[in-house]
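A, B, C and D label the chains in the order they appear, each numbered from 1.
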Amino acid sequence: MAVIVQEKDFDLAAELKKLAGFEGTAGAVISFIGLVRGDASLLALELEHYPAMTTKALEEIEQMARTKWGLVDVRIVHRFGRLQLGEQIMMVAVSAPHRRSAFEAMDYIMDFLKSRAPFWKKEHGINNNIWVTANLDDEEALTRW
Amino acid sequence: MAVIVQEKDFDLAAELKKLAGFEGTAGAVISFIGLVRGDASLLALELEHYPAMTTKALEEIEQMARTKWGLVDVRIVHRFGRLQLGEQIMMVAVSAPHRRSAFEAMDYIMDFLKSRAPFWKKEHGINNNIWVTANLDDEEALTRW
Amino acid sequence: MTLKILYFAWLRERIGEPSEQVETNASTVSDLIAELRLRDERYDFAFSDLSSVRVAINQTLSDFDATLDGASEVAFFPPMTGG
Amino acid sequence: MTLKILYFAWLRERIGEPSEQVETNASTVSDLIAELRLRDERYDFAFSDLSSVRVAINQTLSDFDATLDGASEVAFFPPMTGG
């Protein structure tokens, strides 16, 4: 059980070593990594966040998922700052007794991270810099849960 | 792009190093690990498979997922033999341009692995040994796709 | 009362400050926004389309009708784009 | 024709062999199963509930109506439980 917000990169393997569930308590472990995907004109991605709120918001999301699906463990790492193409933005790892609950919990956590974690992304391009607009579908996705 | 069927254990981190997508081509990487989950009476899990068919079946599933969701890369490792509590049974790693396609592809691959990969599991317990019965829901899940 | 107000992303850029202390008698978030908009055209511009503005009171996501009773920190920002 | 027949999981255990060569004139999988069931009660028992038996012809999942034309390897097993 951990939420980490940091500027520096993370190592999924090292995080999985700290994840409970590999001792026979979990039947499924799912991990997700979000990356800076390049397109023709993107140079870098800047992530701004609200430090006093970020950890609190992520912990709330984690706690909700934990309770809702009886997870064995959860680890969330989210970076901020200026990231280059191909760099890791964030990761979530979830361990659960069964595959189905691990999948749903991961989907839930990602949906809430999109619209309830106080991060904002600015794409630095060759020609201009643009704040990423939140997708209306992302907000709507929360009504699924 | 790889399908590996082996008796020995695997290392997710090492497999992820071989997965394409971390150079800016993928926006999302999802990995799944299936584990031998313990219950009060389970001693070990035995996995039998059909060697001449297994790799072929897994490659078909991989190829379908790749085409259907335009994945950047896929790696599937599935073990056979006698596994102890907490041991890793199999893993799938998927990289895709976007989160949604990575999620759906993983779900698809797992559904097909359940019912179309020629493996059979026998639970060795304290009191008896029992072949795991396929779940009818697993077969039905394939109709989703 | 004295409020600490924070701005993020393009709200921060439009207003030109990441945070400020404000002395106000506003009773709701809406009242506070109305006060700020009168103060300078930078604020008027930043708050011109409230459908793309979100607010947190004391680090908890809230809404424009919310009372400022007990508020010490109010943050304005665009819809979040985490993950 | 000569067929290689493979058995897996509890079908292998009930029949007592992982594989065998069979000389047969069966034209479909169903015909082959009928022939095998007559041969010995181990087979009769193994194939007594076909709803929990699956068949692959030349390593491709097939069904009981399928022809054995061109078949060289036929495998019988319970529903798969991979993943």
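Operating definition for what follows: a residue touches a chain if its C-beta (ideal position, glycine included) is under 8 Å from a C-beta of that chain, and two chains touch if they have at least 3 such contacts.
Every value quoted in this text rests on a predicted model; they were computed, and no experiment measured them.
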Minimal step count in the chain contact network, chain B to chain D: 1
Between chain D and chain C, distance of the C-alpha-averaged centres to the nearest whole Å: 72
CA centroid of chain A to CA centroid of chain D, Å: 48
Euclidean distance of C-alpha centroids - chain A vs chain C, Å: 26
Contacts with two or more other chains, residues of chain A listed in rising order: 34, 99, 110
Residues of chain D whose C-beta touches two or more other chains: 83
Set of all touching chain pairs, with the criterion as stated earlier: A-B, A-C, B-D
Contact set on chain B toward chain D in their complex: 34, 48, 50, 52-53, 56-57, 78, 89-90, 110, 113-122, 131-134, 139
Chain D residues within the chain B interface of the complex: 6, 8-10, 12, 56, 59-61, 73, 75, 77-83
Chain A partner contacts - residues on chain B that touch it in the complex: 12-13, 16, 21-38, 85-86, 97, 99, 102-103, 106-107, 110
